[in-house]
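Alright, structures below, take your time with them.
The two complexes that follow have chain A in common; it is paired with chain B in the first and with chain C in the second.
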Partner chain A sequence: MKYQSQKVAKLYFIAAIGLFVGQILFGLIIGAQYIWGDFLFPEIPFNVARMVHTNLLIVWLLFGFMGAAYYLVPEEAETDLVMPWLATLMFWIFLAAGAATILGYLLVPYSSLAELTQNDLLPTMGREFLEQPTITKLGIVVVALAFLANIGLTILKGRKTVINLVLLMGLAGLAVFFLFSFFNPVNIVWDKYYWWWVVHLWVEGVWELILGSILAFILIKTTGVDREVIEKWLYVIIAMTLITGIVGTGHHYYWIGTPEFWQWWGSIFSAMEPIPFFMMTVFAFNMVNKRRRNHPNKAAVLWALGTAVMAFLGAGVWGFLHTLAPVNYYTHGTQITAAHGHMAFYGAYVMINLAIISYAMPLLRGREAANSNKSQVLEMWGFWLMTISIIFITLFLTAAGILQVYLQRFSDSPMPFMVVQEKIELFYVLRELTGLVFLAGLIVYIASSFVGSNEPEATAEGEVVAS
Partner chain B sequence: MAQAFTKAMARNIFYGGTAFFFLLFLALTFQTHSVVPERDNHEAINDVVALGKKVWEENDCIGCHTLLGEGAYFAPELGNVYKRFGSTDAIKAFIASRPRDGVPGRRSMPQFNLSDEELEAVAQFLKYVSGVNSANWPPSPQG
Partner chain C sequence: MNGHEHDNPGKGLAIAGESLFLLNLLFPVLPLLALGVLYFRHRNTANLLVECHLKQPWITALFSTALFLLINLVAALSGGYNSLENLVSIHSLVALEVYTLLVILPLTVPGLLGLTKAMAGQCYRYPLLGRFL
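Let's look at the complex of A and B:
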């Protein structure tokens, strides 16, 4: 760690991991409700628990992104943050607003929360992933603006690297497209159409810029490969991301009342969306193979490579699986979607956050380069437990989805939704058991921060491999 | 090594490609705006439907159900529920009759204690959505 103000990232990372634990616990609750329908009913109905599960995910990823930005922007810009105090202040505001919102979901009925927060004035609640009260959404805008000002001014003051610019573009895009969450017409077609301008243009658009720049930063730091090479790759990857991903939004416009020409545009462009993810995989492995040095933080390198592979599998392959309109006609809104969602979010956004946390946290805690061997070994156990779990969760949900599509939509005598749900219960049981393994992996991961603190740092054996 | 493909070229592809395809996306959006009024059943939108959408949102129905395939996958698709149930009365009766403490061992919709006006409104909202031209989706009436 070269700049004092990078330290603020530590708060963000710790909060991110804390909320991650909450996300997983609520994931296990809703997973259990898929098996025992009355589990925790009526105290915590499914919709409330799911809202907590998905909202915690979004919030902790945002905490992670902000932490990542506060860590890497000063280092790239070669100057301290212009307003470190603002970063600390916004942290507490965001955390308090987030906690209040989650408690609101859990403690009062959602309709009371809507009333309490004056949803009538500007109704934005009750739409998937955008369930936050309008006041919380306004708070998110304030936090985002303060955050952007802070890192934007820092970059303006310091060195302008490609990584910093791409990260800033991604974060600015995140803030801009969030504004569509305030647009909620009665007309359901337009409601849905512009809802995707938040959701799709986030996760299949600007967030990939954030992902790409964080990955590029970690690879520069851990491989010692020339910045020019890495930045060129970064440009090509994000170019492909947006060239395919923007019009690729069309894969959400097949069945919501929008014209049928979207079936062509959506199918063709989203069929190409795996390309940037594939390039990211090639990129990451190439850079590690061409490394000029062995970095002692092997866990961070593992997370970086893992991100590249799992993002390609989850977002690329599992996305492609159901993105063509004739296929999507049958799979739309089934467990196939859930399968894709789980691996894509884990592979792309959870893992990139854990990668930057893995790289930065030892430095923020006063290590020279890496944690002790003991700690890293445990962290890598966490990596494998969580990653293998998510692969199996995805496979089980895919199996459930295929059966659901067949029984409910494809066979000669389609069965009612609830009848089908009972028939595919086995896969929900398997998913839940795998979810427990995921939780174990997360516990091991967290434990790795607390072991081996008194042992010496790991060292890189076999200096300078490639030329 | 000769630099056949430079960083500047990569950068230009990024900015040029992004600008071009974003403009294409805006053009397609513009075209969508001119076609959607023929398919979106907007004639059915009135104050009751607007209230119905508010009831739909303020009880987080999307947290369990899908609507035109979007939402959660815990409970049945409702974009076509008006057709599946056959009437707004059947929809209202179903919502109103949910047991407060659920059904032992099974999934059950919560009892939302909606007023008669809200019940009517949410049923009218679902009727309106069923009139949206969704390109023949879902494939089966089961949703």
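Let's look at the complex of A and C:
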């Protein structure tokens, strides 16, 4: 760790992992409710558990992104954060607001929560992923502004690199597009239209910039490849991301009441959305193949390479699987969407967060470069358990989705939704079992932070001749 | 390990071989023909890098294209593609899904890894299929 103020990232990373555990536990609860409908009912109804599962995901990823920014911006800008105290203060505010919101979901009926938080003054609640009370949303805006000011002023004061500027662009976009969560028109078509400006333009737009910059940072640090080479790749990747991702929003506009031309625009541009992910994979492996040195933190390199492959498969291939309008006509909102969502979020955003945590945490905890071999071996076990689990979860959900499409939407005598849910129960059982393996992987991953602390650091094996 | 890649005269060919293989997965047949031309022109090469990155993509692309044709043949025999209006039908859509899941998905990752190894001037053996080639 080169700058003292980078230390604030540690708080964010620890909170992120804590919330990740919560997200997985609630995922297992809703997975069980797909099999036993009244599991934990009425204490934790399905709609509430699902809301907690998805909201925790978003919040912990944001914690991870903020931690990543607080870690890498000082190093890139070659100067301390301008206001480390503000980063710490915002951490506690964000954590308190997040915890209060989750407790609100769990302890108070949603309609009462809306009344309690004066939603009628500025109604924003009741929409998927944006269920947070208005006051929480306002809190998120305050945290985001303080965060951007801190990061922006640090970059302004120090060295401007492609990595920190792309990261800043992504984070600024994240904050700007969140503002559309306050726009809540009565017309349901307009409502959905702009709702996707938050949801889609986050995950298939500005978040990809954040992903690209964090990945580039890790690759520079672990491979020693020239910054210029990595920056050129980053330019092309983010250009392709924005070219395909912005108009690609159209794949959400097929059936919501928007004009029919979106079926063409959405199909064409979103069919190209795998391109930046494809390039990211080529980029990551290319840099590792051209490395000038072997980095002792093998776990971080594994996470970085894993991110590239899994993001390409989850976001790219599984996205393409159901993105063309004629295909989406049948698959819309089925378990195929859930399969894509699980692998894409894990591959792109969970893994990049775990990659930067894996790279930065040993340094934040006082190591020179990496954890001990013992700790890394355990961490890599966590990597494989979680990654293989998510692949199987995705395959089971895909199989469930294909059967669902056939039984519910295509066969000569289509069956009702709930009847079909019973028919595909076997896949839900398999998904739940695989989810338990995922939880085991997460526990192993966390355990790796506590194992081998007293052992010496791992060292790099063999020297690599520069290309 | 990476020191001599710039000197390797076959690197461009190796990259072209893997790129055509990947392109053939997305748009089958035409890239296969180009890959075939490259393969037959250089099949007796002594350059290990070229051999590695042309032979495997060529044979695997033959395999993937055969599956593409087979899947579409089944779609056609079961009632798809019988008129221009019927080009986008449930048959062609199912064929697209099956091809994506069974062919593109398992073959893209080896192709990607092959491409990055070719760019680094290194040989690469495809998992499973590579053992037999």
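As a working rule, the second predicted complex is superposed on the first by the 464 of 467 C-alpha atoms of A that agree within 3 Å, B and C clash if a C-alpha of one lies under 4 Å from a C-alpha of the other, contacts with A are read in each partner's own complex, and residues count from 1 in each chain.
Going forward, a contact is a pair of C-beta atoms (placed from the backbone, for glycine too) under 8 Å apart; a residue touches a chain by one contact, two chains touch by 3 or more.
None of these values were measured; they are calculated from a predicted model.
Asks: According to the stated criteria, A:Tyr110 is in contact with first (chain B), second (chain C), both, or neither; which is it?
Replies: first
Asks: Thinking of the overlay built on chain A, is A:Phe410 touched by chain B (first), by chain C (second), by both, or by neither?
Replies: A:Phe410 contacts both chain B and chain C.
Asks: Just chain B (first), just chain C (second), both, or neither: which does A:Ala239 touch?
Replies: After superposing on A, A:Ala239 lies in contact with chain B but is clear of chain C.
Asks: Determine, under the contact definition given at the top, whether A:Phe312 touches first (chain B), second (chain C), both, or neither.
Replies: After superposing on A, A:Phe312 lies in contact with chain C but is clear of chain B.
Asks: Output check: A:Asn454 vs chain B and chain C. Expected answer is one of first, second, both, neither. What do you get?
Replies: The answer is neither, since A:Asn454 touches no partner chain.
Asks: Examine A:Met418 and indicate which partner it touches, taking first as chain B and second as chain C; both and neither are also allowed.
Replies: A:Met418: touches chain B, not chain C.
Asks: Kindly classify A:Tyr330 by the partners it touches after superposition: chain B alone (first), chain C alone (second), both, or neither?
Replies: Both chain B and chain C are touched by A:Tyr330.
Asks: Quick one: classify A:Ala338 as touching chain B (first), chain C (second), both or neither.
Replies: The first partner, chain B, only.
Asks: By residue count, which of the two partners contacts chain A more extensively, chain B or chain C?
Replies: Between chain B and chain C, the winner on chain A residue contacts is B.
Asks: Return the residues of chain A at which the contacts from chain B and from chain C coincide.
Replies: The answer is residues 330, 410 of chain A.
Asks: Would you mind writing out the residues of chain A in touch with chain B in their complex?
Replies: 30, 33-34, 36-38, 41-42, 45-48, 50-51, 110-111, 114-115, 119, 123, 125-128, 131, 162, 184, 186-190, 192-193, 228, 231-232, 235-236, 238-239, 242-243, 246-247, 249-250, 252-263, 265, 329-330, 332-335, 337-338, 408-410, 414-418, 420-421
Asks: Please output the residues of chain A touching chain C within their complex, sorted ascending.
Replies: Checking each residue of chain A against chain C gives 278, 281-282, 285-286, 289-291, 309, 312-313, 317, 320-321, 324, 326-327, 330, 398, 402, 410, 464-467.
Asks: Contact residues on chain C for chain A in the complex?
Replies: 1-3, 5-6, 88, 90, 93, 96-97, 100-101, 104-105, 108-109, 112-113, 115-117, 119-120, 122
Asks: Considering the complex alone, what residue numbers of chain B touch chain A?
Replies: 5-7, 10-11, 13-14, 17-18, 21-22, 24-25, 28-29, 31-32, 35-36, 39-42, 45, 49-50, 53-54, 56-64, 66-77, 100-108, 110-112, 128-129, 132-135, 137-143
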